[in-house]
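Take a look at the structures below.
Common to both upcoming complexes is chain A, partnered first by chain B, then by chain C.
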Partner chain A sequence: MAHRIIGKPIGRVDGTEKVSGAARYSGDVSVPGLIWGKALRSPLPHARIARIDVTRAKALPGVLAVLTAKDLPGILVGRRMFDMPLLARERVRFIGEKVAVVAAADPDVAEEATTLIDVEYEDLPAVIDPEAATVAGAPVVHDDPGAYEGAPAERPHANVQSVLRFKLGDVQAGFREAARTFEHTFRTQLAHQGYLEPHAGVVAIDEDGRVQVWASNKMPFRLKELLSHALQLPQEKIRVNLTPIGGDFGGKGSLMDLPLAYHLARVTGRPVKMVMRYAEELMAGNPRHPSVITLRTGVSRDGQIVARSVRALFNSGAYAAFKPAPSVSLGGASMGAGVYRIPNLLIESFCVYTNNIPCGHARSPGEPQMVFAEESHMDMIARELALDPAEFRRRNLLRDGDHLANGHHLEHVRAGDTLEAALKASEYSEPKPGPWIGRGMAMTHRHIGVGFTNAVVRLGTDGRVTLRIALPDTGTGAHLVLRQVVAEVLGVAMDDVEIELATTDDFATDSGVGGSRVTHTGGRAAYHAAEKLKAQIEAEAAKLGVPADSLAAIARAAAREGRTLEASHFYDAKAHGAVTSFTAQVAEVAVDPQTGQVTVRRFTTTHDVGTVINPLGHQGQIEGGLIQGLGFALMEEIKTEEGRISTLSLGDVKLPTIQDIPPLTTVILEDPVGPGPFNAKAIGEGSISAVAPAIANAVADACGARILDLPITAEKVYFALKEKERRP
Partner chain B sequence: MNRKIRVTVNGTARAVEVPTYRTLLDCLRNDLGLTGSKEGCGVGVCGACTVLLDGKMISSCIALAVSADGHEVTTVEGLAGDERLHPVQQAFIDAGGFQCGICTPGQVVSAKALLDANPNPSDAEIREWMLGNLCRCTGYYKIIESIRAAAQRSRA
Partner chain C sequence: MRAFEYAAPRTLDEALAVLREHGDEARVIAGGTALVTMMRQRLVSPGYLVSLRDIRGLDRIEADNGGIRIGALATHRDVETSPLVRERLPVLAETFRRVASVRIRNMATVGGALAHADPNQDPPVTLIALGARVEICGTDGRRALPVEEFFRDYYESALEPGEVVIGVVVPQLAPASGAAYVKFLPRTADDYATVAVAATVSVDPDGERCRAARIALGSVGVTPIRARGAEGLLAGQRFGAELLRGAGEAVKGAVDPLSDHRGSAAYKREMAGVMVGRALTRAWDAALVSARGTR
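Presenting the complex of A and B:
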């Protein structure tokens, strides 16, 4: 079916506010009487708090309140497992943990006051390394984690937060069948989501005693529930107001400083703003988990994978509070199976407590870590078997009717088509243009997200249409996609559909933004609401005897009878369907033998997608995710020394700049079989995860140096080359 | 210690009393209510706070407000005319040069300064000039396209 608006590369018609500086993010919100909150953070990874003296801070002119744990209820907060105090109570568990908080009308005064709080600590033995954390006798980060609300039952060691397993067949029997077995261990770094808007929030208690919240949080309804729990207030006492969010990438779903802002507002009677400095983001945000991953794979004589076992250790830091999944773990661990049919599989993933920064969700949680390990492992096996890495993959790719590690059966499997398209577009098999140049590939897949979303579509008496939603704009272009869907269904122009943002007062619940869900769930909610409105319009038109496109006349006629033409839909998708989206990527790199420096000469990304609703926004998601993947592969790292972050500025963690981006070829394989509106799938998390292994495999192809730990810095390649010279 | 400063902001003369330690960014955002310029890194590397001081790009998060005394400051709020966006702003909309928009005020101010200095930049010149403006959403490809399109439009 030909569409009028779906599939058109429509620019960001919502963009005037963003390019003109008029958009009000939560950090820009100003309300009368606003004051500022600033936190004091722990300088030690593990210590007992012997004494806190706030006398000098309170005496500083301009200071309105100073709070420590003894001024607050002993509530513990979290997203799924509730193990984090609002302020450290008796004990600090990581460098950066909040110990006290100050309010002042001037943010600089509040900040100065934090330096006047005297805290006496007594050092406790710290555990920094995740492997050391799980041995007998290791220092324990929490005395009784099993007692926390939401704690998983299985706990092989006091420092284990959660265990996640995926199992197919009989892995031991599978290994007995194997002709050869390969085992490799990989490590990935601590990495920040890199959004340029640090966490910000404003909390105001209004005359009716209601708590008004503006926050950089992508799940307003979940935020309301979590705040209700944290503040011990009924949900109807809290209203979350939506603001644009200055980048999310998985990181903007927690309470962060909001409970403290509330308590400062409560004791001062003034609205309170708290904005984290970027240094605070880097020491106490909720970054991507570092990992240690071991894969063991058994292969038959003809190059078929017959068994695989995977053990993943995710260094979760001092609290589990930032992980939202019911498993209190990272679903990306399931990618240990890659995009392959593995009859006998066991994946075991452990999230481990240490005295480090607590980690959370980042764009496709756990996947860039696991896909780096898994796809590097695949290439290493192929080379050992003297098989072309593409051919080894071909022999093992998923096919229709196969099962994923999580037991889901698959249809419309286009893993093979996606791989072949990437090989062709990248000229993978062509001779390389010179020495020290290599090519590498990697594959992955990403589900289409599920959740529940509201949409209300209303026809105005001016003939224009309003779409009312409670999905904050995190920058993905979702609002534009939803407007396109409504315009297409109702047969109106894009400019005649506008978005009206609801608050948490307006719907019962809504799963918000995240997990590659919005085009699917928001799109379907908007689609069905628009269909219902269309039926109303057609009925009214028939009644009036006018054409159904006389929208203004129809709406006015209804208005004269006191009626508004409006339809709503609550779309609720609970289970992932049988369709996924495959990605195949090829990197071509040059390695400088003198320095080890890696340059990506060109990059090819191929995506098996559903109907593309907005090609411009779709491509923007691919490019943005891909360059995040490139940063993860080559440069980004929050470095720590004994639990202390040594890269406390954005300049030191090395996000990619405009100079770092390679020439890019994108291939889109459109297959309209997705569960989204007009058979769309998802794209937001499709391009990030395979970049690092594609580059690692290309580096190995270029110079023989196999880098097993990210990022692939010049130093690592240089020393790997030196090592090869010594032991060729 | 406080000092009274006079600054021409987006063509309007403003007088404001600020502590001498106040950054120009905090002065613009909190004292003058111009919240278009953003604080990202806070240490002068991300470019979200970029403004023009007498036409030259600076990171307002590491400039003191008192250093702008007697000078002209242009922020993102000052780029558009009464009815029309600046060609750079329009190009960022048409070509998908932003997503979340938090870095965009700095991007469009830097891009305007580029086209003022060099109305016909090559891709290499765009990359060189825009190096100090980080963007985490777009991967930069569409920022380059936006600036190319703006240059074309300005010449037309």
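Presenting the complex of A and C:
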């Protein structure tokens, strides 16, 4: 069926106000009497707090409040496992942990006051390395993690937060069948999401005691629940107001400074704003987990994978609080199976406490780490077997009806088509244009997110349509997609649909943004609400005897009878469906043998997708994820030395710039079988994870150097080449 | 950031007087690209800022005895786009073009960058290779010294309290000479160099042998340096891989890089050797073109 608006490359309407500075983010919210909060952070990775003296800070003119843990309830916070104090109590567990917080009308005064707080620490032995953290006798980060609310039961070591397992068949029997077995270990780095807007929030307490919150948080209703728990207030006492969010990439789902802003507001009687500096983001945000991943794969004589065991160690840092999944782990570990049918599989994933920055969710949590390891491992095996990496993959790809280790049963599997399309578009089999040039591929797949959303669609007496939601736009253009859905269903122009942002007072619930779900859940809620409104309009038109497109007349007629034409829908997708989306990517790189520098000459990305609602937004998601993947592959790294982060600005943690982006080729295989509106699937997390292994495999192809730890720096390639010269 | 007083005097004398009056509490501000960042990070907390931006004539770029004189308040973008610089010393325009982003280059000044004495900057490397001199003014009068003598330590220059940089004088290249600036950026195009090398090469009129060469490096220690040892190897020699390797080895012995997120000391040392070879090759090629032009 041809659509009027679905599938059209409609540009963003919020762009102008964002680039001109007119958009009001949480950090721009201003209310009368607003003051600022600033935090003092621990300079030590693990220490006992012997004494805190706030006398000098309190004496600084302009300081309105100074709070330490003893001024606050002993509540512990988290997204699923509640193990983090609001301010460090007796003990600090990472460099950057908040120890005290100051309020002043002038943010510079508040910051100055934090430097006047005297804290006496007694060093405790710290554990920095995740492998060292799980040996007997390692310093223990939390004395009794099992006692925390939300803590998983299995705990092989006091420093293990969670264990996640995926199993198929009998892995030991599988390895006994194998003709050859391969084992490799990979490491990935600590990486920040890189959103431009740091965490920001404003908390104001109304005269009637209601708490008003403006926050760069993508899940307003979950935030309300978490705040209710953290502040020990009933949920009705809290209202979360939505603002534009300046980038999320998985990182904007935590409480961060909001409870502290509340307590400062409580003691000062003034609204309080807290905005993290970027140095604080890099020191104490909730970045992507570093990992150590070992894969072992058994292969039959004809190149079929018969068994695989995977052991992943994610360095979670000092608290588990930032992980939202019930498993208190990273679902991406399941990608240890790759896009392959593996009859006998065991994946074991451990999230481990250390005295480092606590990690959280980042775009496709755990997947870029696991897919780097898994897809590098696939190429290494193919080379050992003297098989073309594409052919080795072909022999093992998932097929219709296969089951994944996480229980999903698959239909509409287009793994093979996706791979072949990538090989063709990238000219993978053509002769290479010169020496020191290589090509590498990698594949992945990703499910379509689930969740629940409320939408209300209303026809105004001017004939315009309003979509009311409490789902923030994190910068993805989600609101534009929702407007397209409503405009398509109701047969009106895009300009005649506007978004009205509700608050948490206006709906019962909403799962918010995350897991590539918004087009699916928000889109379906908007779709069904619009369908219901359309039925009302048609009934009214029939009654009035006017055409159904006389929208203003129909709405006015209803208004004269005191009625508003409005329809609502609550859409709830509980379980993942049987459809997934495959990605195949091919990198072509050049390696400078004198320096080890890797230049990506071209990059091909191929996606098996559902109906594309907005090709511009869709392509933006593909390219954005790909560029993030490129940064993860080649340059982004938060460096730490004994738990101290030495790269505290974006001048040091380098994100890719426009100059770093290679020529891109995108191939879309559209297959309208998704659960989203108009059979859309998801795209937001499809392009990030395979980039690093595609580049690693291309580097190995170009120069023979196999880099097992990210990022793939020129220095690592250079010394790997030197090593090869020495021991050819 | 701590609160501060701000003054923007109209004349240099006035600025110097204010500086003298406020002593250690005062800092000079021009573009502010470095100073404001350091103030925000509380690395420096001056009580008094003396802006040079209202002093007239301090931003001129003009011909000077066949060379070029660049006023301290000229921005990086001014130098990059100056027709005079592009015509007479294209390597200098190219070097300034490699600094940060156009937004930064529109603000950052030539004098401010020198006074900042960050060993990872681009312009000092080329200025040293070109034999430029920095002009300094204090209440006791003016002085000038070679750029290579201006940097004393990590973020430390030869400026005495109360002195300001007022300009830099860059001599024209000798006939039959070429120059090149090589900025090694293995990570992203928008970064400080992992290693930077500038070289000038003068050749005999017949283009056969090197008459003289100057080599300077940045991001290889606490200050930009001049590699005199390597320069000495080149005089009177014919171009060739062996000569470049020798120069590279000499440079590797002369540098003392710091390990950081742009590379380990060992890697930067190796790359200094490689990049010297590349800079000399390009400078030599340019010298040959120049020699043919003068014949």
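Heads up, the rule we're going with is that the second predicted complex is superposed on the first by the 724 of 728 C-alpha atoms of A that agree within 3 Å, B and C clash if a C-alpha of one lies under 4 Å from a C-alpha of the other, contacts with A are read in each partner's own complex, and residues count from 1 in each chain.
The rule we apply is simple: a residue touches a chain if its C-beta (ideal position, glycine included) is under 8 Å from a C-beta of that chain, and two chains touch if they have at least 3 such contacts.
No experiment lies behind these values; they were computed from the predicted model shown.
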{"item": "Touched partner set for A:Gly620, first chain B, second chain C, both or neither", "value": "first"}
{"item": "Which superposed partner A:Tyr718 touches (first chain B, second chain C, both, neither)", "value": "second"}
{"item": "Touching partner for A:Ala279 - first (chain B), second (chain C), both, neither", "value": "both"}
{"item": "Chain B versus chain C as contact partner of A:Asp108, first or second or both or neither", "value": "both"}
{"item": "Chain A: partner with more touched residues, chain B or chain C", "value": "B"}
{"item": "Contacts of A:Thr657 with chain B and chain C, given as first, second, both or neither", "value": "both"}
{"item": "First, second, both or neither for A:Arg12, with chain B first and chain C second", "value": "first"}
{"item": "Partner chain(s) touched by A:Thr564 [first = chain B, second = chain C, both, neither]", "value": "neither"}
{"item": "Touched partner set for A:Gly475, first chain B, second chain C, both or neither", "value": "first"}
{"item": "Touching partner for A:Gly194 - first (chain B), second (chain C), both, neither", "value": "first"}
{"item": "Where chain A meets both chain C and chain B, residue numbers", "value": "108, 279, 655-657, 659"}
{"item": "Complex contact set, residues of chain B against chain A", "value": "19, 21-22, 26, 29-30, 33-43, 45-46, 48, 75-77, 79-80, 85, 89-90, 92-96, 98-105, 108, 126-128, 130-131, 133-144"}
{"item": "Residues of chain A defined as touching chain B within the complex", "value": "11-13, 15-25, 27-28, 30, 106-108, 193-198, 244-249, 275, 277-279, 473-477, 616-617, 619-620, 623-628, 649-651, 655-659, 661, 664"}
{"item": "Contacting residues of chain A [partner chain C, same complex]", "value": "108, 111-112, 115, 279, 594-597, 634-635, 637, 639, 646-647, 652-657, 659-660, 713-715, 718-719"}
{"item": "Chain A-facing residues of chain C, complex", "value": "1-3, 41-42, 184, 186-191, 194, 260-261, 263-264, 267, 270-271, 274"}
